[in-house]
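Single-structure report; data block below.
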Amino acid sequence: MSATDEATLRAELLIEALPYIQRFRGAVVVVKYGGNAMVDPALAATFAEDIVLMRSVGIRPVVVHGGGPQISELMERLGKVPEFRDGQRVTDAETVDIARMVLVGKVNREIVGAINVHGPLAVGVSGEDAGLIVAEARDPELGFVGDVESVRPAILERLLAEELIPVVSTIGADETGQAYNINADAVAGAIAQALAAEKVIYLTDVEGLLADVADAASLISHIDAPALQARIDAGSLTGGMIPKINACLHAVGGGVGSAHLLDGRVPHVLLLELFSDAGIGTMITPETGS
Amino acid sequence: MSATDEATLRAELLIEALPYIQRFRGAVVVVKYGGNAMVDPALAATFAEDIVLMRSVGIRPVVVHGGGPQISELMERLGKVPEFRDGQRVTDAETVDIARMVLVGKVNREIVGAINVHGPLAVGVSGEDAGLIVAEARDPELGFVGDVESVRPAILERLLAEELIPVVSTIGADETGQAYNINADAVAGAIAQALAAEKVIYLTDVEGLLADVADAASLISHIDAPALQARIDAGSLTGGMIPKINACLHAVGGGVGSAHLLDGRVPHVLLLELFSDAGIGTMITPETGS
Amino acid sequence: MSATDEATLRAELLIEALPYIQRFRGAVVVVKYGGNAMVDPALAATFAEDIVLMRSVGIRPVVVHGGGPQISELMERLGKVPEFRDGQRVTDAETVDIARMVLVGKVNREIVGAINVHGPLAVGVSGEDAGLIVAEARDPELGFVGDVESVRPAILERLLAEELIPVVSTIGADETGQAYNINADAVAGAIAQALAAEKVIYLTDVEGLLADVADAASLISHIDAPALQARIDAGSLTGGMIPKINACLHAVGGGVGSAHLLDGRVPHVLLLELFSDAGIGTMITPETGS
Amino acid sequence: MSATDEATLRAELLIEALPYIQRFRGAVVVVKYGGNAMVDPALAATFAEDIVLMRSVGIRPVVVHGGGPQISELMERLGKVPEFRDGQRVTDAETVDIARMVLVGKVNREIVGAINVHGPLAVGVSGEDAGLIVAEARDPELGFVGDVESVRPAILERLLAEELIPVVSTIGADETGQAYNINADAVAGAIAQALAAEKVIYLTDVEGLLADVADAASLISHIDAPALQARIDAGSLTGGMIPKINACLHAVGGGVGSAHLLDGRVPHVLLLELFSDAGIGTMITPETGS
Amino acid sequence: MSATDEATLRAELLIEALPYIQRFRGAVVVVKYGGNAMVDPALAATFAEDIVLMRSVGIRPVVVHGGGPQISELMERLGKVPEFRDGQRVTDAETVDIARMVLVGKVNREIVGAINVHGPLAVGVSGEDAGLIVAEARDPELGFVGDVESVRPAILERLLAEELIPVVSTIGADETGQAYNINADAVAGAIAQALAAEKVIYLTDVEGLLADVADAASLISHIDAPALQARIDAGSLTGGMIPKINACLHAVGGGVGSAHLLDGRVPHVLLLELFSDAGIGTMITPETGS
Amino acid sequence: MSATDEATLRAELLIEALPYIQRFRGAVVVVKYGGNAMVDPALAATFAEDIVLMRSVGIRPVVVHGGGPQISELMERLGKVPEFRDGQRVTDAETVDIARMVLVGKVNREIVGAINVHGPLAVGVSGEDAGLIVAEARDPELGFVGDVESVRPAILERLLAEELIPVVSTIGADETGQAYNINADAVAGAIAQALAAEKVIYLTDVEGLLADVADAASLISHIDAPALQARIDAGSLTGGMIPKINACLHAVGGGVGSAHLLDGRVPHVLLLELFSDAGIGTMITPETGS
C-alpha cells in the first residue's frame, strides 16, 4: 500500500468513527482496569493510548483499578501468607497497609506514568482523597475489607472539568479515618453511578459473558438487566463473574447508560467498543431485550 | 479482512492520529473552500465530514468560501454579460446584488446545509454581519469590488467559543453600508490573521505549488516565506496562483502558523494534511527553509 | 421655537418615555417585518432607527422577515411562473432555491445593512443556521412549503446575550437537510414563544383589526384571546388577516405577553407602540376582556 | 397638536437622541449635585428623573453631593455658630459629627429617596464605607477639614456592575478611623478620575464660565485645560468658581474625558448636555482649543 | 506564665475553637446590636473585633442596629419632646427626619468606623438603599412608625458575596418614597429570614430569658419555639422582652436555624456564643424541646 | 478557672490572633513535614489540627513530605541493604519503586487520613500527577535520585482554588516517564517558589539555626539571606542543615516572602509561628538584617 493510499485509508477510517465520536462527546466513561491488560506491558501501553485518545475526542474517562495479585506478591515477599475466605482476602491491619501501598503507591503510579507519557493528563486519586469513598466494614471476620457506603464525586468532577484523567485506587476510609480495601468492580460501578456515567466498562480476561460456559461461541453480545437477573436467578451463571455482573446490574439500575464486559487481552478493545459496530464483548443495558 | 481485523486496523489508525489530534487541539484552522471540491457533490460531502471531524477532535474550523462561477451563471440567466478587467469582475450595483444573493443565499446555504446534516453545528455569516469585514473600493473602474480594510473578528470568536462552525461569505460593507464583493482568498488570509489561526488552508484544483509549472513532479512540499518571495520576485511563479500565494505570504507574515495549498480534488485532503505525515500539497511557513 | 426651547422639549419628551423604557428593559420583542415598511426606502430607514433605539434603551429586538413579492419578482426574471394553490406558493426544488437566495441573500442583507449603518449590531440568521428552525412538509402537493416543527433558540439567545440584533430569514430545514420556505408570520410567533418574548409585533399594511372591515373607524385597539377566537368562530373575521391572527393567538397561548398588529406605513410606529399611550393598532393579550 | 402628532413628535425626538445614546452607552458619568438644584423640590425631582433616564439608556451615573447650607442650619438649631476661615468651615469634633449626620443621614437620604421613587436603583454610600475615601487633615487650624489622600473605587465599581446608582456623601476617614468633612467638588473630581469616567459634571447656580464676569453674554462654551490654566494664571478668573475649576482641571488632567459646569437651575439640564448639540454651560477638555 | 506557655495556651485555645469554626464556615449570622454594648466605648470596640473575627474565620455577619436613646437625645437638643404611646414613639415628619439623621448619619457611621479600623470591610446600608426594606404604616396615630412589609435582600447578598460586612439602619420606605422608622428587632428577624441565616443574635442588657424574672438563676439556656409560645400564651413572660421574643419566634418559624438572646454587657459575648460550649444566654430553636 | 472565665480567656486569645489571621488571609504557606512531628502519633494529630485550622482562617496550606526512614525500613524488610554515598541514597530501579510505594502509598496516606478526620479536605498528590514535578537525574552513580527540573503548579492551584489541602509526595518523573526520588526539602522550596508562597516552613528536630552549634542559647531568630549566605561561606554553618538552608535561600531568592526553620517537636508550633509574636525558630527573609 502506498503512503498516499495508507493516508487515505486512515482518513476514511477516521471518518467512519465520526458518528461514534459525536455520540459520546462529553460523556463520562468509567473503565475498570485489571487482569492481563494491566500486567502485559504492551497491553498496558495500548490501554494508555486508548484512554488518551478517548479524552482527545471529547470523552471524559475515569480509570478505576484493582491489584489483587500485586498485593499478594508483596505480602509474600514480606513473609505474610495471604488468606482467603469465600474468595475474599482476610485483611488485618498490616494487610490493609500493604494493600494501600501496592495500590496507591505502585499500581496507580504505573497507570498514571503510562498515561502521562502522552502529556500531563492523569492524576492519581485514592478513595480517601477529599472523602471520595466512604467505606464500611463488610464482615468483622474479614477485617478491613470494606463496602462502599457512599461516594462524594466532587473531586472527580473537578478533575474532569479541568480535562484531567482521574485514576482511582480503591481504598476507602470510614468516618474515623480507618482505611479499608474495597473490591474494585464494586467501586467502578458506584463511581459510574455517582457521576451519572454514560458507560462503565470492565476489562476482563474472558471474551464476555457466555450463555454456555463450555461454548466459546455462545457469547452474549447484548442482554438487558431483567434478562440477566433471570439467568442469575436460574443459576445458569456462576463463578468468578458474579461479582462483576452484580456491579453491572447495580450500575445500570442506578442510571448508568450501559455496562460492558470486554476482553482486555484484545489490543485497543476500548476503541473497538466505542468507535465501531463490531460486536465486542457483552453489553448490559437497563431495559431492552437481548 | 474479517470484521475484527478491520476493527483492529481502524483502532490502530485512530491511535496513529493521536499525536496530531493532541497537537492541534484548540487550534483555529481557516479553510478557504472553492473550486471542484465545492461543485462535485461527493467531494462536498467529504469536505463537510472533514470539517465536522476536525471540530469533534477539538480543532476550531472556520470556512471561507467564494463562488465566482455560480455568480456568472446567475448573471447569465438574468441576461447580464459578466465583464472582466485584468481578471477582475467589473461589478456594478446590480452585479454586487447578484453576487450577494448567490454567495450568501445559495453557496453559503449549501455548505451550511451539508455540515448540518451532522448536527446543528454550522452558522452562515456574511462579512456585513456585526461589521465582520470592513471593505474599501479597490478601483473606481471596477465598481463594487472591495479590498479588506479591517476585520472585526468578535462575531467569529463568539461562535467558536460556542463550538459552532462559522461559514463566511466574502461580502463586505463600507461605513455607509455599501456592499462590496471581495476576493475570498484575501478574506481567508485576513480572517486567519485576525483570529491568530494556527493554519490557513486553501483548497485548489492543483496539487500544490510546482517549481516548474510544466513538471507535475516538481511539487514544492515546504517553502518558507522569504524563499517564496524570492521566487515571485524572480518571476518564476506566475499566473492564477499569484493572488493565493500573496494571501498566504500576508497571513504567515501576520502571525498565522502556516499556510497550505492543497488539492481539493483529493477526498479527505484536509484530514490527510492534518492527521498524517504524508506530504500533501505545499506548506508555507514564516521562516524555516524548505 | 428657539434652540433651547427645542432642547427642553426634547428632554421632556425623553423623560415622558422613561416609564415605558423601564418597563421593557431586558424584554425580548420579536418584530415581524414586511409589507410597505420593507419596500419604501424612507420607512425602511425609520424601521432600522426604531430597532436600534429599542436596543439602546435595553430592549432585545429580534427581526423576522418574509419577502413573497421579491421572490415572485426574481422567479419572473428567471422565466418561472409563480403558481399559488389556496394562497400558498407551489414550491418546487428550483423555487425553494430562488426563495432562499432572495430571502437570505437579498432581503435579509438589506435589513442587516440598514441597521448596521448605526454600528456593527445586526447579524443575519437563516432558520438552517445551528438548526434554528426544524421544518416539516405541509402538503406534498405544495412541494417544499414547510411548517415549523420545532425551534432551537440557542443561537438567538447567544446573539441577544451579546447585545446583537438577530435578523431571521424564514427558511427551515428538515433532518435530511432539505430546505423549506416557511410562512414568516408563523415563524415570528414560534420564535417569540421559544424565546418567551414579552411582545410579538406584526407590521402590516392596515391600521389593525377592524370590527367591521368596511368601517375604518371600527379599529379594535385591545382584545383578548378568547374574544378574538369567538369572532373567528363566528366568521366575522375573514380574509388575509386570518393567518396572522392565528399566529398571534398561538403566541399568546404559548406564553408571549402580548401580540400586536401595527400599521407599518406609519413612521416610527414601533416607538409609538412601545413608548406612548397613544392607541396604536390592535393589541391581543392572553386573558383580559376588550 | 393631535395625540398622534404628539406621539410622532416624541418618536422623532427620541430618534434624534439616538446618536448621543449610542455614544455614551456604558460610560461612567460623575455628577456633582448641589446648589439650587438640590433645594428646589421641583428641580430635585427632575434631577432624579434625569439620573434614572441616564441609567435607562445605558449610562452609569454616580452622584456626589455636598450640603454646606444644611450643615450650617443644623448647627444653628443646635446653638453652634458656624465659623469660617478663608471660606473654609472650622470643623471641631462636634461639627464633623453634625456634618456627617446632615450629609449621610439627611441630604444623601433625600437624593436616594427621590431616585428610588422610580425603582430600587440608588444606594447611599459615604466615603468611609469600604474605605472609599481616605482623608488627610488639610490644616490643623481648620480641625477636621480633610483632603482626599486616595480613593478605593472598588465599592462603586461593584454597585455600578449591578446597575445600581451610587450616591456619595463626602465624608472621609483617615487610617485611625477619624472622620473628616471634605469638599464635594474635589471628591467628585477624584472619584471621576479613579473610575476613569467619561465626564464629570458640576451643577452650579450660574450659567457657566464667563469670560467677563460682568457680561452674561460672555459665556465660554468650550475651553481646553491649557487655555483655562492660562486664564487662571492671568488672574482673569477669580472668586467662588476657582475650587470647582481646579477640580475640573485636575480631573481632565487625570484621564477624565471632559468636565462640565452646568446651570443646575435649568430643568433637565443634564439631558440637555448629554443628548443634544445645544451649547449648554462650559465644557473643559484636556487638549483641543476653544 | 512565660511567653512560650502563653503562646502554647493560645494555640490550644485556637484549636479548641476549630470545630465551631468549621461548623459555621460560610453561614450568615445576623446580629442585632444595641443597648450598653453600643454606648460603652470599650464594649463597642470589642464588638467590632468580634464581627471582624467572625468574618476572618469565614462567617458572613450582618449587623442591624437601632438607636432609640440617641434619637431622643437629639430631639431634646432640638427642643422637641419625645412622646410615646404604648411604648412606641409618636413619629411626626420632623421626628422621622431626626431619627434618620441619627441612625444613618451617626449611629451607623460609628459602627462602620469602629469596624473599618481593622480594614475597609464595613458598608453602611439604610433600608431605603436599593429598596432593601419596604415599609408600611403601623398605625395612623403613631405617624411614621413602620412595619416591615417585605425585604429585598439583593443588596445585602451582593455585599456579602464581596466579603463585605453590611451594617443596616432600620429606616424603611413605602412605595411613594416616604420614610418610616422601624423597630430594629423586627428588622433583624426579617433580614435573617430573607437571607436564610444560620443564626440571628440579639444583644441585650440582660443575661437572657429568665423562667422567673425575679430569679437571676432561672436563666433558660435553650427552649424551642412551641415551648416558648406556650410560656407567652400562659402569660409567664411579659414586659420589654416580648417584641424581641416575637421577632425570634418569627425568625425561627421562617427558616432561621436559631435565635439567641445574649448579654451584650459581657465582652466578646458573640465569640463565646459561637466558639465555645459555655452556656451563654438563651437559644431558641424551631423544634427540639429544652 | 470557671467555665465562663475560661471561655472569656479563649475569646480574648482568639481576638489577639486576629491581626495575624487578617495578615495571612489568602496566603499560600508551604509546610515541609518530616522528622519527629511525623512519627510521633500525638504530634502528627496536632500537626493535622494546625493545618486544618490554617485553612479555616483563610490560609491556603500545602504539605510536602519526605520519608527516608520509612523507606529504609521497608527496604530492610524486603532484604535490601540501603546504601548511601555522601549522604545520598543510591537508588536502583527496585529502590525507587519501594520509595514510591512508601511515600505515595503509606506516608502520604497517613497524612491525608489524619487531616481528613476533620472533613474531606486533603488530597494526596505525587509529583508525577498532572506533570507536577519534572525531574532530572542528579548523578548516574546515584541511580534514580532526581533534582527538580521544573514545577507545573497548575494541579496545586486548582486544588487550592477548591479550598482543598494538597499533600505532596516528592516523586518526580522525567519526560520518558521514569520516576525519581527527590529530596523533599528541595521540592518544598521549589513548590513555594512556583506558587509565589508567602511562607515556606520546615519542621525539623532542632530548635532552629544556632549561631554556635554547641550553645542552645545561640538561636538565631531572624536572619536575612545575605547574612546567612555569609555564614555559610565562612564555614560557620555545617552539617545536616545545609541542604535545608540552601532550599530556604533558594526559595526567598525566588520570591517567597520568608522561610522558617521550626522545631517540629513543639506541639502546635505552626500556630505559634503564624499567630503570635513569640520568637519561634529561625526566620529567613530576603533582605533585612537580623
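Letters are used for the chains, namely A, B, C, D, E and F, taken in the order the chains are written, and counting of residues starts over at 1 for each.
The rule is simple: contacts are C-beta pairs under 8 Å (C-beta built on N, C-alpha and C of every residue); 3 or more make two chains touch, one makes a residue touch a chain.
All figures in this text were calculated on a predicted structure; none of them were measured in a lab.
Trainee: Count of steps on the shortest touching-chain route from chain A to chain E?
Mentor: Shortest path length, in steps: 2.
Trainee: By label order, what chains touch chain B and chain E together?
Mentor: none
Trainee: Quick one: how far do you have to rotate chain C to sit on chain F, C-alpha fit, nearest 5 degrees?
Mentor: Chain C sits rotated relative to chain F by 180 degrees.
Trainee: Between chain C and chain E, what distance separates the C-alpha centroids? Give it in angstrom.
Mentor: Chain C and chain E have C-alpha centres separated by 55 Å.
Trainee: Can you give the whole-Å distance between the Cα centres of chain A and chain F?
Mentor: One centre to the other, that is 36 Å.
Trainee: Using mean CA coordinates as chain centres, what's the gap between chain A and chain D in Å?
Mentor: Chain A and chain D have C-alpha centres separated by 68 Å.
Trainee: At least two other chains touched by the same residue of chain A: list those residues.
Mentor: Where chain A meets two or more other chains at a single residue, that happens at 119.
Trainee: Is the chain-to-chain touch network here best called a line, a ring, a star, complete, or other?
Mentor: Contact map by chain: ring.
Trainee: Round the ring starting with chain C, chain D following: which chains, in what order?
Mentor: If we begin at chain C and move next to chain D, the sequence is C, D, E, F, A, B.
Trainee: Applying the document's contact rule, which stretches of chain B touch chain C when the two form their complex?
Mentor: Touch list, chain B to chain C: 77-78, 97, 100-106, 108-109, 112-114, 116-117, 119-126, 128-132, 152, 155, 158, 162, 164, 171, 173, 176-177, 179.
Trainee: For the complex, which residues does chain F have touching chain E?
Mentor: That would be residues 3-4, 6-18, 21-22, 25, 46, 49-50, 52-53, 56-58, 118-119, 266-268, 271-272, 275-276, 278, 280 of chain F.
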